[in-house]
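Given below, in the form of structure tokens, are the structures.
You will see two complexes here that share chain A, one where it goes with chain B and one where it goes with chain C.
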Partner chain A sequence: MTTATPRRFGFGARLSRWDLKLSPYLYISPFFLLFLVVGLFPIAYTAVISFMDWDQVRGKGTWIGFDQYAYVLGQPKFWIALRNTFSIFLLSSVPQMVFAVFLAALLDQNLRAKTFWRMGVLLPYVVAPVAVALIFSNLFGDRYGLVNTALQGIGLEPIPWHTNAFASHIAIATMVNFRWTGYNTLILLAAMQAIPRDYYEAATVDGAGRFRQFFAITLPSLRPTLIFVVITSTIGGLQIFDEPRMYDQYGTGGSNSQWLTISLYLYNIGWGEWNFGRAAALAWLLFLIVLVIGAINMLITRALVRTDGDQR
Partner chain B sequence: MKLTARRFAIPVAAAVAAASLVLTGCSGGNAPSDPNAPITLTVATFNDFGYTDALLKEYTASHPNVKIVHNRAATSNEARENYFQKIGKSGLADVEAIEVDWLPEVMKYSDLLAPVDAKLKDRWLDWKSAAATDKDGNLIGYGTDIGPEGVCYRSDLFAAAGLPTDREAVAKLLQGDWDHYFEVGAKYTAATGKPFFDSAGGTYQGIVNQIEAAYEDPKSGEVIATTNADVKTAYDKVLKASKTQSAHLSQWSPDWMKGLSNGSFATMLCPGWMLGVISGNAKGVKGWDIANVFPNGGGNWGGSYLTVPKNGKNVKAAQELADWLTDPAQQIKAFSNAGTFPSQQKGLADKTLLGATDKYFNNAPVGKILSERAKAVTVAPFKGQRYFPINDAMQKALTRVEERTQDAETSWKQWTDEVTALK
Partner chain C sequence: MTTATRTTARDRSTTTAPTSPASPRTRRVRGTRPGWFVYGCLGLVLAGSVFPFYWSFLIGSGDAYTLRDPHMSWIPGGNFIANALTVVNDPALNFWKALWNSVFTSALIALSVVFFSTLAGWAFAKLRFRGRGWLLAFVVGTMAVPTQLGVVPLYVLFNELGWTGKTGAIIVPALVSAFGVFWMTQYLQQAVPDELIEAARMDGASSFRTFWTIGLPAARPAASMLGLFTFVSAWNNFFWPFIVLDRQDPTLPVALSLLQSNHFVDYSIVLAGVLLSTIPLLILFAGAGKQLVSGIMQGAVKG
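On to the complex of A and B.
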């Protein structure tokens, strides 16, 4: 090995090397700094409070260790809330996905006044959740609600919307679906538009019908987007609050916790019982639940995206 | 510039102060620092307290150095969150309105509020100031309005059941204790086959508000709810009657609102502010009336106070304003503006109030009736720090039975478990 004359690095060169190495981090740092301040700090602070008997007004508390967690986990209400959360989540996410794909496929066709129809599906999303809840609580009134009046009109039994847990989940899921289906539709539509039209032309030449094309081309190409939509709606679904809170006049989840969700329980403990230590413990439990579900989703995503990659 | 302006301002203020001292004779005696320095006072209320600009102008006319900024929150919930986020810190208004519902929590922090001058204590009904007096004997709220309860009834439905319809006759008919009220209810139900009152929850609330210490021991703060015989009696009594007499419409639900107009029930416990709720929700309905009676004496539901945070900038001036605003004369004006029923002894005897009638309720002399109902209230129920979670759980327990998801015994047991877990 011959030793070449060492190249001299001037300050300018060093600077540009630093520039190359450091600048990207600097450019991206505002987000992380901001996250540190408004995201990570509250999370850590909540963790500290969750180990304390906390007085929110005076801003002090006494250290009591894991008692708050033990209390929350020992409450039957917590488990009912967990059940409700998952039940409402499944009842809203599954039909929502099916409908969104279906609607997106329709909107992907050659329609007159495309933009009008496409923006139309987003309209429910624009309506404030509180307004949605107001409209739907008139629909789902137990005694004089529109749905039950209609059911009785055709000779059926009225449904106890606010008494039966499952019925209340369906009613709440309906509100969620009303609001979010259009939103997801537009995301899926964007993904559909990105599918090269050649595929369809080739398929048509090969003699594949509309349905065959949908299942053989559209759906597989949508997979990554579908997974994104599933994950975002998982997070939203596990944190569902507005709709159950607005479902009756008290907003505390029903006489027998029929539609008490984790977030609602958290709110009731914090702002109803004024026990912020306990609420913080519950917040952390919810955080962990979301993390676990998120991790499961990520594993599924990876597996699915890999097969997707193989196909190409 | 700034400096000269300030230099100029001080002698002027001093001169004004001196002049006003001379003019008003000797009002400076009870004023500590310069009472005439220009200040801005903020007043925070919610819903409608009846404090119109015109009313506030009256104050600034007599206190030219004071400028009042009035902030109104749309709902009391909004105001409540704001209040507890900022109390003891900064950011609250000089005069902050609170609702009787949050009083238990406010009392926990009574040391952060400036006490009301002891001389004023007699201004209010005893139980009104008793509820806002803390352990050290400090009154921390200037009472504004109250919610004395009568019984609202549908005279047309009473007529159909063969009961008297005239409000004085109805008052005589319902005169007595709760058992008697339910006996009349049984008669009504037997005659018409229809429910007598709206809900177990609303009726229970009327009973429990007459129990001095329902859920907690006023001295130790210990929870006695589950072992208190009075509570169990109230629970059993209401649920026994509710089986046949209740419309099972939980208050404020859309079904209940419709029930107000479609005759689902014939009577309802009725604080003054409920009149507006009824006439607003049952617009076309004729027949609603109010009787000067309440089972087992008097009852109060709701009402508000003004408080002055201790760490405010102008505590003295704020106290003066709160004092003025809750003076009977001003409270009567507020009543005319927004229907807030006075909690002041003198206010209750005021001519404007006593002369007030309500067209919707068949021209009932509501001012006179409610004024008498207010005087009939003798008990200020003790509401400690766990009152609301316990009472909320109780309302749910009653609802479970009304919804038939549980029988009375199972529901009571679940309530007991929930209360035990509250600690």
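On to the complex of A and C.
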């Protein structure tokens, strides 16, 4: 694919040379122009606002340096929100990964009605998180919820799903798991199917059992995909908003901030207290946390799932 | 449990797994099907996927007391339509407006993302220009930025423009997508042979005509997948619409969030509303679920 050598000289040829040179930039420009306005500018401006005491009425702010960061970091609520975010994130991503790998291994077989089963696990993914949250906040109702009714039915004490912090994290993590497990399963399944079958045949000849094969062949081959899935679920998990917001009718994260998350805190500061400077500072803190945790996650996943030899 | 795993282990040793459309390296070998343990597990998972919807229908088809009834029946009551009508006619909710807004904004966003992504993907995949490599890397890099990082100034900006409360405020920021550009670039790279483009150029076709007659038709499978994904995630989006939209002019998720904010929460109404708002996407899933599945299997990214 080289630039066409002009056969005729003149206006038409010059035009077509310009066409060839400029068109690519023209084609990619919608993305970059819009990203400039609704992506890059806001990010930079968030940094500016975060150093200000922003007045929403006048649409201006006064420069106060790192005071907003100091204020946010000095709030006990921030640390509670951070704890909650991590707790919910771990409770949702760890079981989800384990379960998704297991489910993918089940689906990675010579099944009848393959598409049916795959669609079955994906079904929750299409439902809005808000809808999922409303359904599950009902299931996890403290007094009349199905889960507590079932617990009492088998002679156990009902669990205070809304007053106990850890219990509320489990309930919220369940919503996340419900919606995302099938999605991750299918990504992992795709990676599993790309593993050459000869490896398994060779391993069988060598006398390796199913479990040995799973840990020696399947898991190591899944490493790049696992890293990808873990990273994306980290980015999503640390930003969690919809589920905790809809977990009770007030949407403030519980009376004692039991399930207040960073995103929910950001919303409450920004659009509850109308303090955009603090909300912006919190947004930057969240971004830094996402970056750090993303990097740590990648290292952990790499270390845990080693490639033995060159399986990929 | 142990016998079951042994069964599947034996199955595995004589069977090779199914083919994947994405990978030519795997091949199907006719062999034994997996045992009941696998189907049993999958059946349980499927039941888990469906149960919350059934539960919603159970409560949503009853009345305000159904939830508190200790002897609640597992057979749905007859009030679903009445409850759904309550939701639809609730003046605080603007259900029809919300439904229209959701359909309209999601469709527009999906169309726009597909078109601009295909255009940019075509340039990145098939045209040579200076800075191509790092521009593409930049596009991919933008995917890691959390939405929260931009919401405050974006709100200030739209407030300045007088767009807060209008659906334009949720459409405009979503008109292009980094994931879409990346997705189409990947696809077009292998879908169109370079010779075809050269031939078109020899025939004197302009750059845009080449894109229109060769690129666009070739992009169709990937484009329809991208459209589906964009539609679903635009439909389900909550954080930004919740911030920027008026409660009188919401999208469905924003309207749903109002269902619970009444001082008295009647869950039969809430869950009837939840199901009602979920029906359009369930229909879409019934029609296009197969495509969604294969889209994810090709490595979609969370959106």
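Basically, the second predicted complex is superposed on the first by the 257 of 312 C-alpha atoms of A that agree within 3 Å, B and C clash if a C-alpha of one lies under 4 Å from a C-alpha of the other, contacts with A are read in each partner's own complex, and residues count from 1 in each chain.
As a working rule, contacts are C-beta pairs under 8 Å (C-beta built on N, C-alpha and C of every residue); 3 or more make two chains touch, one makes a residue touch a chain.
Please read these numbers as outputs of a predicted model, since none were measured by experiment.
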Do chain B and chain C fit side by side on chain A after the overlay, or clash?
-> clash
Which superposed partner A:Leu106 touches (first chain B, second chain C, both, neither) = second
Is A:Arg58 contacted by the first partner chain B, the second partner chain C, both or neither?
-> first
Classify the contacts of A:Pro95 with the two partner chains as first (chain B alone), second (chain C alone), both, or neither.
-> neither
Is A:Asn138 in contact with chain B, with chain C, with both, or with neither (first, second, both, neither)?
-> both
Who does A:Gly272 touch here: chain B (first), chain C (second), both, or neither?
-> first
If you stack the two complexes on chain A, which partner ends up touching A:Tyr27: first (chain B), second (chain C), both, or neither?
-> second
Once the shared chain is lined up, is A:Pro224 touching chain B (first), chain C (second), both, or neither of them?
-> neither
In the superposed model, does chain B or chain C contact more residues of chain A?
-> C
Could you say whether A:Pro158 touches chain B, chain C, both of them, or neither, answering first, second, both or neither?
-> neither
21-29, 75-83 or 183-191: stretch of chain B that collides with chain C = 75-83
Residues on chain A touched by both chain B and chain C 56, 59, 137-138, 141, 143-144, 249, 271
For chain A, which residues are in contact with chain B within the complex?
-> 56-59, 71, 75, 137-138, 141-145, 160, 162-163, 248-250, 252, 254-256, 271-274
In the complex with chain C, residue positions of chain A that touch it | 1, 4, 16, 19-21, 23-25, 27-28, 30-32, 34-35, 38-39, 41-43, 45-46, 49, 56, 59, 103, 106-112, 114-115, 117-132, 134-139, 141, 143-144, 146, 149, 178, 180, 182-183, 186-187, 189-190, 192-194, 196-197, 200-201, 204, 209-211, 213, 232-233, 235-236, 238-239, 241-242, 245-246, 249, 251, 263, 266-267, 270-271, 276, 279-280, 283-284, 286-287, 290, 294
Quick one: which bits of chain C touch chain A in the complex? Just the residue numbers, please.
-> 5, 8-9, 11-13, 15-20, 22-23, 25-29, 31-34, 38-39, 41-42, 45-46, 48-50, 52-53, 55-56, 59, 67-68, 70, 116-117, 119-120, 122-124, 126-129, 132, 135, 139, 142, 144-157, 159-160, 172-173, 175-176, 178, 181, 194, 197-198, 201-202, 204, 206-208, 211, 232, 235-236, 238-239, 242-243, 252-253, 256-257, 259-262, 265, 267, 270-271, 274, 277-278, 281-282, 284-285, 289-290, 292-293, 296-302
Where on chain B does chain A make contact in their complex?
-> 81, 84, 87-89, 105, 108-109, 112, 249-255, 258-259, 262, 264, 385, 388-389, 392, 395-397, 399-400, 403-406, 421-422
